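Each of the next two complexes has chain A plus one more chain, namely chain B in the first and chain C in the second.
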Partner chain A sequence: MKKVLTIILLTIVMLNGQTPSAETILKKIDENMISKNQIMTSSMIIHGRRVSRTIRAKSWSIGDTKNFTEYLSPAREKGTKMLKLDDKLWIYTPSTDRIIKISGHMLRQSVMGSDLSYEDMMESSDLTNSYDAKVIGSEEIDGKQCWIINLVGKTDDLAYHQRKIWVDMKLYVPLREELFAKSGKLLKRMELKNIINIDGRWYPTKMIFKDVLKNGEGTEFVIDEIKFDQNIPKYKFSKAGLRR
Partner chain B sequence: MIKFLLKGLIRDRHRSLFPILSISIGVTLTVLLQSWITGYLGDIIDYNARFSTGHVKVITKAKYDNSQQMANDLAIVGTNKLTENLDEEFPEITWIKRIRFAGLLDIPDENGETKTQGPVIGWGVNMLSKKNSDIERMNIRKSLQDGKLPTKRGEILISDELAGKLKVGVGDNATFLGSTMYGSMAMQNFVISGTVHFGSMALDKGAIIVDFNDAQTALNMENATSEILGYLPSGDYDNEIAHNYADKFNKKYSNSEDEFSPIMITLSEQNGLDAMLEYVSSFIGIIIFVFVLAMSIVLWNMGLIGGLRRYGEVGLRLAIGENKGTVYRRMIYESVLIGIFGSLLGTMIGLGFAYLLQTKGIDLSSMMQNSSMMMPTVVKAKITSTTFFIGFIPGLFSTIVGTMLAGIGIYKRETAQLFRELDV
Partner chain C sequence: MLSLKLAYKNLIGAGLRTWLNVIVLSFSFVIIIWNKGLLNGWNEQAKRDMIDWQIGGGQYWQKDYDPYDMFTINESHSVIPDGISDDIQNGLLTPILINTATIYPEGRMQNVLLKGILPEQKILKLPTDKLQKNSDEISILIGSRMAESNKLQVGDYFTIRWRDANGTFDAADAKVVDIFHTNVPIVDQGKIWLSLEQLQKMLQAPNEATMLITENNSVEKEEISGWVFRGHDYLLKEMDNLIKMKSVGGSIFYGILLALALLAIFDTQILSIFRRQKEIGTEIALGMTRWQVVRLFTVEGAMYSVFAAILAAIYGIPLLTWQAKVGLAMPEGTDDYGLPIAKSIFPSYSIGLVIGTVLTIFIATVIVSYLPAKKISKMNPTDAIKGKIQ
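Then we have the complex of A and B:
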């Protein structure tokens, strides 16, 4: 009996020893997901209540502080540009030739009718500084073993007070994420798929977003092309760049 | 007999003056309250009908299930054909297409960048076409504070309060930012042609009014609309008639399996107005009941006091052989005359106050700063045919009931006792 107990205790200790800390996992995720800069061409397939629409866009970004997006299609959206600089967001449409700042309650509105809000776009991906993280268990998703990390916001001004992330134990890439309000109500769900290796990084090229408070079948975000650590001209991240 | 009773009442002021005064005060209050409630609640219903609900409204079933949502993703499509059908099948009703939307109004600086912006609630209404224009129905012309009505596409009216908040005026440019029917971004430039003040906080806080075709273009709603409003030929809402139309339409067009099939709803089924309609009819009844009850108690007491004062007189009349029933009936006849005079006087005074309230109104805007309900800020009474006779119901009823209660004592007095009293 003593032997059995000793084996069980040793197994628990060993297993605990194998589980890295939540901070270590988040750091490894950042190594995969965050680059100095990136240029990406993507398609956003929005499955609405009435119709499904595909919106193509090209975006340039530096870390998670600067982002410039230009919509390529359909015709109604073509030429629409968005600029994010730190916590500010501007939008430009050629039909109005206006640069409009998105602020206040507009930030909570959906981006192009998708399941993503402007606020989602504004959020910092630096989870370590914004949330207290803890590994709360493990689960298998599509045959891949994942750690489940629970993140609780350190401050009240976050769009989502709590997050739950399922992280691939092998590749250190999130496979699923659930976003909660302070009340504990589930607001959004995200599935990350088609993970491929690009320049030594493991990166999901398909993401499915679902705003659970919204009707519809969710939004697919497919990365058609992504390049890391490129030379991006400075003017891209200026308001003047919106009119170019 | 009436002449005889009248002489008695005029000569003995204790029997007439105070009862008439108290009745006329109560009747004045009843008349005033009836006209005020009819006017105010009627205005709320009328406001809602003109701006929001119509007498009947056609929307999609999905929109009906999510009536609080302003987004147009649940709008009706194929409206040109549907409106044609409505015109054919219900020609007596005036059908109006409207688009309601929400978003931001952004004012540019000299570089075309955001100077100021604010949330708005918009109406896409027919202003440029002469057929079925909403200008009169929504009282837009009279609400104009500055500038002029839009005369061409691309012109917009904004509420006076919003103009002040955004520091813009007539001739300035403004960009609307919102969502199209399919959820994409909607951005459209407009020129402010005028400012309006509707006298309703819900509208004046942040309303913009654009032409229906401009709204269709901006929100990508070709051959689509948020709602089709129907107005009954009489111009006044009739719940039964409206329900008949709705039943007929829904039997033919509504499909419970298809969330985007059209459904016709009545005014009473929107914005909690069913409760309000119920309230209007029941409240007047409650006022009359309370008044009758309170006044009956007052008049009963006055009757008792009068009875005591006329104790000797009534006793003598009974002693010399007048029938108890006759004395009792004559007291009631007297009370009918008092009731008529009191009600007449009260109605005239009440009508005078009601007329003042109908023409001038009371401005309650300072108390409605945060009101989101569609209601006028100036409370006005409305004199209807009911106002002329409503006061007579409590006026007469309470006097008669009061006298009947007070007069019961007559039947309790024994003849033998009366003679003993008279001896004294």
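Then we have the complex of A and C:
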């Protein structure tokens, strides 16, 4: 009996030894996903009840504090620009030639009819400092072994009190993320696919966002082109840049 | 007196011509009184309903609350002052907490306002007693318009997603425990009513409220620090403005109607003066002054309005009384425009309204009768007797 118990305990210790800590996994994810800056051309495919719309955009960003996005197509959205500086967001529409600050209730509105709200775009990606992370198991997604990391908010002022992230054990890239309400109800799900190697980083080029409380197929976000650590002029992240 | 007698005889003698004028003018009387009565009735009913369902005897607003600024609504609540807890217990005040949220009935997404109210309150007509107290389940009340637009019925469940006072998302399923019907769309469309305690718990805002509604008959409105009192004058101002606007619109309509009737009298006067030149000449020759003749013709014209008032009373009083009893049914969907309108509007006629209308029409008739008669003062009596056109 003692022998059996010893074997079980040893197995547990060995298995634990194979699983890196959640903090280590999150750090490795950051190495893949976070860069000094990036320039990206992307397509957002919004699936409506009858038809789907594709919105193309080019964005310039520094970390998760500064972002400038210019919509390229369709014609109705072309020229619309969005500027995010820390926790502030402005939007410029060429048809009205006005810059509007998005705040309060407006932040909850969906971005161009997608499953993403402005406040989702405003969220900080600093998970390590905001959440207590713990590896709670493993699961296979599309034939890839993943760790499941459960994140519980350290403070009361986070938008999502709990998150779950499925991380590819080999590439250290998140393949799925679920966002939960304080009550534990699942609110949003994000699937990350088509992982490719760009400049030595593993990066997902297709993301599917889904507000699980809402009917519909969700919103696809496809990266057409992405460049890391480029020279981005400072004026890009100024309000004056919105009218240029 | 002589003028009155002569005028009466002349009018009766004119036969059908007189009665046509009188009938047209009597329509003006009845339609103007009916239309104004209808607006009065709507105004009274709308204000009564707004007091019963929405504003009570006035409201204390948390100092930052602005119902038109959706950006600040979630931050516009604070702790209910200790000093008023007796008034709340005695039913003189009822606190309401307001917060924005999103609901997902059948997977459809809609932005709403959550309104927390005491289930035991009696100030507003809302059937808040249906809200379950001390229950883990969120029980909610919705209006019939909200139920219809979201295809909800009593007993249905749907998910509500909100942000608590710290900005953290939370979500839970809620059960519709009752659907009420009200003539005041503002308490219905886009509103979810639930227990105050429940909402305070959901928002993590214990003992907080956005507004305090006072009982309608309570006279004293004391100042509460950090809260601004809004009385009926302020809260019913929009309704007053709307009625004023409608009244101006209505004035154009009955102005046209009255103008048509007065035009007929004006024409009749011109024709009379033209056709009765010999009579005018003879009257002056017999010793009447020109102005006495002018007065005679003016009294004749003004008498149309007296006859019209009598005729309007004969058929108008029973008609308007009947209308006030049965009301005027409003077409389906009229209240969807956000205006407090009952299914039927019951006109309300005041003595002031009737006297005002009679006097207005009488004065207008005197003026249009006098204007053509004024010509008599310039007539040459000799030419008039000869029947020469002047």
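Some notes on this structure:
Rule of thumb we're sticking to: the second predicted complex is superposed on the first by the 239 of 244 C-alpha atoms of A that agree within 3 Å, B and C clash if a C-alpha of one lies under 4 Å from a C-alpha of the other, contacts with A are read in each partner's own complex, and residues count from 1 in each chain.
The definition used in the following text is that contacts are C-beta pairs under 8 Å (C-beta built on N, C-alpha and C of every residue); 3 or more make two chains touch, one makes a residue touch a chain.
Just so we're clear, the structure is a prediction, and the values are computed from it rather than from any experiment.
When both complexes are overlaid on chain A, the residue A:E220 reaches neither chain B nor chain C.
Of the two partner chains placed around the shared chain by superposition, chain C is the only one that A:L187 touches, whereas chain B remains out of contact.
Of the two partner chains, neither chain B nor chain C is touched by A:D120. Of the two partner chains placed by the overlay, only chain B lies in contact with A:T93; chain C stays clear of it.
Residue contacts after overlaying the shared chain place A:D168 against neither chain B nor chain C.
Counting residues of chain A touched by each partner, chain B versus chain C, the larger count belongs to B. Residue contacts after overlaying the shared chain place A:D157 against chain C, while chain B stays out of touching range.
Residue contacts after overlaying the shared chain place A:V51 against chain B, while chain C stays out of touching range.
When the two structures are aligned on the shared chain, A:E70 is found in touch with neither chain B nor chain C.
Counting contacts as defined above, chain A residues 103-106 meet chain B in one complex and chain C in the other. Within the complex formed with chain A, the chain C residues making contact are 70-74, 100, 102, 104, 106-109, 111, 159, 161, 163-164, 166-172, 204.
Residue ranges on chain B touching chain A, taken from their complex, read 62, 73-74, 104, 106, 108, 111-114, 117, 119, 175, 177, 179-180, 182-185, 187-189, 220, 259-260. Put simply, chain A touches chain C in their complex at residues 103-106, 108, 153, 156-161, 179, 181-183, 185, 187, 211, 213-216. Across the complex, chain B is touched by residues 46, 48-51, 53, 55, 76-77, 80, 90-91, 93, 95-101, 103-106, 109-110, 112-114, 239 of chain A.
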